[in-house]
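Both complexes shown next keep chain A, but they swap its partner, so chain B is in the first and chain C is in the second.
Showing the complex of A and B:
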């Protein structure tokens, strides 16, 4: 699917939101929902950044780190991939305080979602590194590069292109998982929607707007990732012998 | 005392599990000598180059470069397996060109040629670019310096790969079937660059090739490999003209028949 189609969908989603908002029955919910959407975006963006950092670090540690680091990274990946994000949120927010560690709800949301998606991301990074042709490593060796030089200058830039689509998936997954944070007292988009629904029972306008807002956010994300992919693959003809 | 050989394989063996690829190889290459390695596939000829480039470890023996061990280092008067720092020090003298080019696809021809000189040798960008420009000119690709590998033909890519290897100023150049992946009409331009390199630079060259005509005309010595051993070696005139070994005769006959 081309970027143009995606942009068209985004424009339609925004136009529909705008058109609905001209009606009084929809407009009343807009300020509250937008407020929630801002929090959702904040958590999604910070969580994604944390996920990237954790994904890259965990993958490199597992592939090239000394034994203790490798072990630590494996434990991290398996724990955060093997348990649900909801349980992780609850653990950090409700269980840790019992041990005297209290973390702000917003920080917990970013931590839990970032660490959770980062664990999946580490496998994306690992797979992408492994997908770089062996000849590239050999050329680096023949040019007498050190391991860090090879990774930084030659391998990771090529692996980066292969990582973009799966990371796009994970970011969207993370965006949608932010709805979980309503369960730890945060007023995100999903929380605002439920709250307003309970107060007014105007189910149709509220959840129509919410649906369109989530869709618009994920389309922005997808378009961004497509543009990034296009930029990053300059010169790279993947699938062809290089 | 005679001059130190540039490269010396001293009883080197390579095994993969129970398969012996190279069996007690002894081979000396003199400074500036051009040596071609020919032989049937599976005879271990590419492994010789890959071991020298340290792309493969060895199971037995020692490889020496200019009188210094490459695969080993001296510690308390004994040879122990080399660490990475030692390998990198000795490996700096060796460059390699691959059958599949292995250019960095995210970098232009120029960037391919300045990457390692800057990151590994610590050269200034301007100096590295000047040197790369000379080398790209030598391989006849000055006008393609800003092209990415995917925008170049196979022959052009391989010529960039040769320039890239030369940019590290190696003393020894390894060519591993560098024309095997090329369309026939592109083979000539790559061989011409190698000829030029041989004429203009004081390089020791070791090449694995299927181009018998080129091996004959270009090399000082040709080694015929069979089943992990050097079966016969000598000046190209002798080896191609009056091969002594039956296997050499059979191989040359089969190759010339096909070619």
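Showing the complex of A and C:
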């Protein structure tokens, strides 16, 4: 789908939210839902940052780490990709306290989502690094670069471009997964929706607004990643032409 | 002791029964997703003016959380007089959500069919229906089976969401055991291990299936 269509969809979504908010039956829910949306965004942003760090670390550990580290990274990736995000969230929330480790729900949410998406991300990072042309690696060796130098200066900047679209998809997945944190008592957008629904039974206005808000957030993310991709590949095209 | 084996064995049969509900939800949900996805992809080709509408629809479904969609079906449908029980509403939501993803997979499959196949079908005066059934689908489906398999596993891992509307599947059962006995370690860990085992086994199956299909389609 073209970036213009996405922008048009975003504008329509925002206009519809705005138009609905002028009606009394919808307006009453807006402050609470917006409050929830702020928490959703906070968790999504922090979770994404953790996911990027974990993804890069796990990928590098699996590719270049010493055996124990490689093994650890593989176990991490398999466990977090093999079980569902909700199970991980509940495990951290309910089981860890029984081992005497009590973390607050917000940290659990960021940890679970970040670790979960990071595991998928590590495969993205690994794939992108492996997709860098062989000649680039050979040239680095010929120039007598050390491995960290090679990765930092030559390989990762090129792999970065290939990583943007799949990371974009993962960030969307993460944003959508934040709805799960409502099940561990955090009052995010989904939680607010459910709470208001139980209090007022105004199901249609509440869930219509919530769906539109999630849609708007996803679209902002998709459009942002498209722009980033466009910007990052300008340099690459120039590099190829030269 | 933190891990109690006796307790773990005691709850195992209860969890096993709940696992059947999870697997049922997965299979029905995926059957729905795979068939609805195929319908979307075929309609898109057969009736070109629907293309834009379907893209927007797919984008809408993929951009909003599954949990909210489950709530939406479960709470909003009764307002229109359609009362669905939790299992039906949940499976329907999962099926529709993944149909959006599957339709994109099918589309990729159809896009990979060379134009000549379509043109040859027209030259042979085959109807659109025959073209799809006998020419296009048999060639388009085998290469995308692994991708569909990945969505089957992804869908399976989403079934714990049904616990949010109190379907008695694996996660909900584990939660109930936890709240009754104040022991969460064993039920939650067992549920995690169950998903891990199922995912690893299905990943291995998909990989061997991929190998098989690649060998068959290589000419």
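Throughout what follows, the second predicted complex is superposed on the first by the 235 of 242 C-alpha atoms of A that agree within 3 Å, B and C clash if a C-alpha of one lies under 4 Å from a C-alpha of the other, contacts with A are read in each partner's own complex, and residues count from 1 in each chain.
Basically, a residue touches a chain if its C-beta (ideal position, glycine included) is under 8 Å from a C-beta of that chain, and two chains touch if they have at least 3 such contacts.
These numbers come from a predicted model, not from an experiment.
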Which of chain B and chain C A:194 touches, first, second, both or neither: second
First (chain B), second (chain C), both or neither touched by A:153: first
Of chain C and chain B, partner touching more chain A residues: C
Touched partner set for A:145, first chain B, second chain C, both or neither: first
Partner chain(s) touched by A:227 [first = chain B, second = chain C, both, neither]: neither
First (chain B), second (chain C), both or neither touched by A:136: first
Chain B and chain C footprints on chain A, overlapping residues: none
Partner chain A, residues of chain B touching it in the complex: 53-55, 88, 91-92, 94-96, 98, 100-108, 115-116, 119-120, 148-151, 164-165, 168, 181
Residue ranges of chain C in contact with chain A within the complex: 2, 55-56, 59-60, 62-69, 71-72, 75-76, 79, 157-161, 163-164, 171, 174-175, 178, 183-185, 188-189, 191-192, 195-196, 199-200, 203
Of chain A, residues touching chain B in the complex: 133, 135-136, 138-139, 141-146, 149, 153-154, 157-158, 234-237, 240-242
Complex interface listing, chain A residues touching chain C: 1, 5-6, 9, 78-79, 81-88, 90-91, 94-95, 98-99, 172, 176-180, 182-183, 190, 193-194, 197, 203-204, 207, 210-211, 214-215, 218-219, 222
